[in-house]
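Letters A, B, C and D mark the chains in the order given here, with residues in each chain numbered from 1 onward.
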């Protein structure tokens, strides 16, 4: 924390600020400048609340300096983490496709889609058994029956499955059936859920909240690592902005920033960011080109009859095209990086 | 839902859209215009996913028409709801102050603050026992011990207490001790928590998520009413925007819109919106003037030593000033409305 | 500027950064901390570009410290500026109503509205002769004819008039006829226009751009003051956010911040922020309560026939109600401030 | 425009709305639904102001239906426009690199950079002679001297040049020297400038405003086409959002939307979106992969000494790498599209 004093701050005001810093348990270090004094707040174990000092007489600004995250930081853990989901590796050169319907609707539906996406190169099957829905009147997912269908799909196709744990109450159940547990964007700061995920042996897919900063996202991952589970994959899925032509605005600049700050793998979900089918393929290509480690894509064999988010789901042959494009871009980047 | 066709849409495309509407279980109603055709989608029980039709050939736009909420709507329930918290009434002419520290720290602290805010006119005491914190390393609240302190404060001062239920796991506990249960901004779309709140006999304070539309906020309340609990008070606490001079941007235009759309009471929380003490009083005055039914304000007897959010907490004498200003504004509005 | 080094930064990296700081013409001051080094960049005349150093090896963050504005700052000019528009004073205890139609349509219309708003207490008449319109096919204003109508209104009613100068080409004309020159939100960073306004003897009303930070807004005012014209009134009129229930989100927390940072008067324009009539009165009350020095409000005698923005214009009797409410709130604040 | 009535709207209210529609010059078409009435507003030449009817008794919502743009629309002009800049073609399969320094500083600097970027494959040279700067104290560009340098660069290297016209006052000058005239993001709704550009014979590069919707952006282009100049290239350069890890959030989903709605070419400017060098290459790759027709990139031979935006400028060898990556991605997309 750096406290910048006003130009006309009195010595009494400066003394009072230094005293407050020391009383709060920190070390105070005055930094005289050309026109004004600044005071460094040092030896703080965690983040310091800027508002604690910002309101004191003579203080012009209180500026946080150090990053609050530790275990997720590349400063602490310099090498790329590779997360294992079943036999599939995510991160550090491995490019992973996760594909499937928004919601699990039936075994037939899931098997048909799973076989199609596997044939196109998907390595992990996705499908929601518990669905977060804005309306209490919308289809909420098949629940445990959906999880059993997912397990059956894995058995039949060999694909590991990822599905969302909507709350701590169903976490055990999801953990039992799934190979990877998704924490959705709306739950990114559901700290109870994050703590529970920290105690799991299963890898976790942590979506970025649609109004979350990168720091908040990494701090959410920090909760999971701090609990003992370091198998976390981050997933960018778009920000809420004033731009209404897509459901959310995919924030691709977050990818190089996260890759620089953290050792965790990062994937993107163009389906939820777009909200409409036409944008999914171009945004998937853009995500691959920006350098993600994988993609999560919604695919449905009959999108027009889907119980949830049909309008953003690709037809299986569109996914074949997407997977081909993406593989070509990924290989091109790998070749050029050499 | 209204489907607007492109100017050059063929009759085949129009027919295909009408067929898709009917197959999806709706009624199709063609609306020929001057330059193009539109197709109304009628007889839909709930909201229709625009993306289902938006991608079809010839479709220029898919525009949702009806509001998805029912029980919270003034169309269904025209008269103002008044919510009872202990013996305190919220809504429809009653102006309610909820005040107290961000986090419960000790009985002495809470009693001192509670007596001060009661003397200044607060009718409900607030204080967090379970705290949602961005960092796993920050103080997380006293838990059940905090709830017991709140119960003791009620016993000593007669003030009913409101406190946050962070998840379904602690809901029973919070319900047992508190007079009103807060669902925080980060949990506004924690649907499990909303469903649990719908089964409670206790009134619920539902904060607006910082990137939530009014429709999503009212739909979150709809979950609670649909579960059987119609004692919901809405709380505006600011949006996440690019403006960084306050923690969030208090969206006061939401207040007249919600008052028009819904029968539920609405209060504002200027402390969390502002994030800094200097802005709390002016934003509290603005909230009262815009027409809220109450305010939730953070007050601490020693903000500089607070374990959470000290920088935005008012000193007790600042709250006295605030309460005086707000009462004067409220009485003025009541007198002028006659 | 403060450059925070990575924990594992080498001495060579630190030396290179210090060298770069000195070569760029600044003074470098190392600040050793517990875990990492920081380097202060001092003696900079103006703002330093953070990106200059942020990309250097070993640098974790580059944090700007000093405010870039000077003439508009309260640090340089501690006392409130009062701006004179004709015989009307704006700022420092004077509360000023500016009211009138969005666009000047005819002398009859303007006179009717001007008399109505004057009777209700408005001190300045507003009306657009040159209108910024999103569509080239919309009504663009009457141009010089509109300015002549405004001059006639002043002559007949005694009210000074404020109107927008859309570009430098029409500035002379607007300056000739008007008592106060408005620079619109879309032009807030039209630097040529700001420079021209800086050479004017007439007072300037500077609206905040809908995606501008407070710093950018004050820097726009700095252009005008730097040019020699210190008669600037700032006007908050809402931000572009994801919230679509109002046209823009009025940022009332900006008001206390600007009042603290700058000596210039600040008013609000609830009409353009709201975009719909129903929200204008509550937002006007909120603006008055937060502490603005005045309001700009659109009033039309036949809003349903207005050539521009009729839907947000108040009927004259609604303005009477608004003016009464606002005066009462302002007097209450004045009385309580004593 | 579609007017949706409240469920409990009376026949009198419906009649009044229909009457108002007709009086405003439109045709009214009632659309009875299951639970409520809707009223179509037809035969409108241009856009209808929703607020005109939204406030009438019984009206629940007023929903705009038709797009307001005409000349830029693919409905009017189905085939891709190809814009010629000197001898360089932009659009419809041609991929165009525009590269150069943020600001023109000297002939030596410009020639050195121009030769480097030409060697790497750039077809158009960019450089600012008139710079829009947030601060009046920052370097504002060399003015006409800068334009002369650009002309000299063209003469020496054969590269056509693009540079910004900051206002109508300097437009003639810029038009005289440049091959393509840039209208910057802050000027996207400077309607006087757009009208002037509409009268030019030179092609125009129209940057998207950082808080502009796609509709507003296309309407800005509509001003230029309506004036008679159809040689417009659109440039996406990022939105202002709460995300502060990049200067702006590049909105890549805008690209497929604009390509669908309009026939004009679209390029991206990753340098200004990013604001920091590290993000420029990944965002450039993402832009190419999403399907833009070209890129504008800032390159400087000594970024650390640049007079403007040095921190986001690439070193020449970084541009070589970027151009290689982008060409490979573009060729891959062309090959796969066959």
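Basically, a residue touches a chain if its C-beta (ideal position, glycine included) is under 8 Å from a C-beta of that chain, and two chains touch if they have at least 3 such contacts.
Model, not experiment: these values are computed from the prediction.
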Chain of greatest Cα-centre distance to chain A: C
Selected pair, greater C-beta contact count between A-D and A-C: A-D
Rounded Å distance, chain A centre to chain C centre (Cα mean): 38
Averaged-CA centre spacing for the pair chain D and chain A, given as whole angstrom: 30
Residues of chain C whose C-beta touches two or more other chains: 211, 240-242, 244, 278
Footprint of chain C on chain A - complex, ascending: 2, 4, 6-8, 27, 29, 31, 33-36, 38, 40, 42-43, 60-61, 63, 65-67, 75, 240-242, 244
Residues of chain C that touch chain B when the two form their complex: 211, 213-214, 239, 241-246, 249-257, 260, 273-274, 278-279, 282-283, 285-291, 324-325, 328-329, 332-333, 336
Touching residues on chain A, where the partner in the complex is chain B: 20, 23-24, 45-47, 49-55, 68, 132-138, 166-169, 186-187, 189-193, 195, 210-211, 216, 219, 222-223, 226-227, 240, 275-278, 303-305, 309-312
